[in-house]
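Labels run A, B and C following the written order; every chain starts at residue 1.
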């Protein structure tokens, strides 16, 4: 139990260090936050140009609802594609289901490599290769899902209790039967939860990638932004918010049912 | 009646799969996913390999400054995020603040987490103009969103008995927080902040491309000027940065766990 | 029918957890393996099933064609063929809790079903009906459609037995089948196992010697990896002491 004064000194020292670092970073970036904050006109700009949201854009632009559908389609297709490969990758990458130990190591390595690559760069490359549009975004999402959830799936499979699979082995079941009847049923809730989570993430990402040029709601946002229609931007942002939240609620509901 | 029928199960699975597949095909059609486009793109692969590789090693030195800039941005955002997450988390905890405030804060945090970072950046750029400052603010804002929720949850799960006994000794509100809550919440906050730092480094690269500067801007600029192998060099640099950041934060997190502080 | 021959296993650190364990089991026997915790009872059973690697020793089992084949050295198809003739009744943890009772029972014959048919189709109606009969034998038929995880310990143990019955093996291996049960349930389970043993031998490990006296036809005592007793289930004080170590026998 330390004396309060010593503890307090330590705490202030830490805070001071943090503040020093923060100041250093900001200075490096040539940023003068204090000046900016005190000017305050920036906040005024924001409120004047952005509020209130021009909800009229929702019925004026007929293509808007279509772009929402497009965004959902990108997220769904990307997630499905990614999961279709993530599941076998998970099976190959889990110690209790992989046909060969070195396969497990190879798959894990490839997956971590894939995760390290920023999806932003993958998107850039794909946009150049396949042109602007949802194709590049969908593939980017699929690859991202594969990297992230391949690992998650492998870990969920490994975390399963080994006793039932062992019992099946003892009564003569083959390896594939052990996986099918003991490992997979136990891992199923985790896999389904993971898949729903993947869809949530990919929906957000689909909007973001749209801003980069892939189409859908993001593209509408970018268009409004570039044409300085900031009230529309806010309205569309609210649409995004509603969309993401609605999907989140639905996934939560589905998760309970599993 | 036998409570098992392989046929029924099979039909159920077939229907489910059929539904999924049709939804997927519909979505794929919407996304222009087609084998022709894939073949076209893949056909360009050797051309790409030549354009993008090898990375332009000569420009390695030029990459250092943007990398440092990105690092500074991510670090500043993470620090700010961590510092401000604690008060925000306090305001989001049921055992500290009145319900209306908690609800308001939680809704705001939820809204923040629902929106993609890039979208948030757009708003900051409207207010503050292009440049690293708006990038840093956007990142700090989303860091507070994530960390604030975690801190709020941690405070709600904190040991009430410790707080009660402190209050019983006559400690003031802020003293209870400093000596009762802070020690309980700080270790997990620090660990989460380090994790957030990893995420922020990646995000800084991406935000850089839309105007926040740093290595992301470098990548976008090189791509825009069609200097693809320069872009590859920049990407390589960003990969090294991300890897280094992950390693350092991993080490720090392990030390935190060992010390138990 | 089953010959266990000089099983030996050492763990890192040098301790011999199995030290020349040998015994044999013939038709109609209900063999109870006794010993204190860590003596090597469960390990012996796992070795018979081939779930544990051995340093030396053999397990020979009467195969489908009548000859004695070696289980320890079998691999692949041969191992599968040997194992499907051994029913396993381990404690309830060995059931898949998310699946229904009847599905767990039907998994007993996976050793006889071609893998492709089992995962593409599932189990036939005939198999389902037979599984219900097995459940009836253990008085669990009304619960056939329930999720296994919702059952009590005693009920899960019965399901495990039903799975073994459904399998129609030539030998039953049971590991602490009554350890987690109260005395009434324990007796009920043993009352189920005893009639089974008249057709196909049962080899089971136990903690407590009282019940083995009433139900088993033979007792094998294991202490520190070695067989120290092999004979009648009527054990004298000194024989019990030999199996468990003197102080423990006094507690009995």
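The rule we apply is simple: a residue touches a chain if its C-beta (ideal position, glycine included) is under 8 Å from a C-beta of that chain, and two chains touch if they have at least 3 such contacts.
No experiment lies behind these values; they were computed from the predicted model shown.
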Select, from B-C and A-C, the pair of chains that is joined by more C-beta pairs in contact.
A-C
Any idea which chain sits dead centre by C-alpha averages?
A
Whole-angstrom distance, CA centroid of chain A to CA centroid of chain B, is 8
So what's the Cα centroid distance for chain B and chain C, whole Å?
52
Averaged over CA atoms, how far is the centre of chain A from the centre of chain C? Could you give it in whole Å?
48
Could you list which residues of chain A touch at least two other chains?
none
Spell out the part of chain A that touches chain C in their complex, as residue ranges.
161, 163-164, 166-174, 176-177, 180-182, 185-186, 188-189
Using the touch definition from the top, list the residues of chain A that touch chain B in their complex.
4, 11, 18, 21-22, 25-26, 28-31, 33, 36, 42-43, 45-46, 49-50, 69-70, 72-74, 76-77, 80, 116-118, 120-121, 124-126, 128-131, 133-135, 137-138, 204-205, 207-208, 211-212, 218, 221, 225, 230, 233, 237, 240-241, 244-245, 248
Residues on chain B engaged by chain A in the complex (per definition of touch)
20, 23-24, 26-28, 30-33, 37-38, 40-41, 44-45, 48, 52, 68-69, 72-73, 75-76, 79-80, 82-83, 110-111, 114-119, 122-123, 126-128, 131-133, 136, 178-179, 202, 205-206, 209-210, 213, 216, 219, 223, 231, 235, 238-239, 242-243
Per the touch rule, the chain C residues reaching chain A in their complex are 49-51, 80-88, 90, 93-99, 107-108, 110-113, 115, 118-119, 163-164, 167, 169, 173
Any idea which chain C residues touch chain B in the complex?
100, 102-103, 106, 121-125, 128-129, 131-132, 144-145
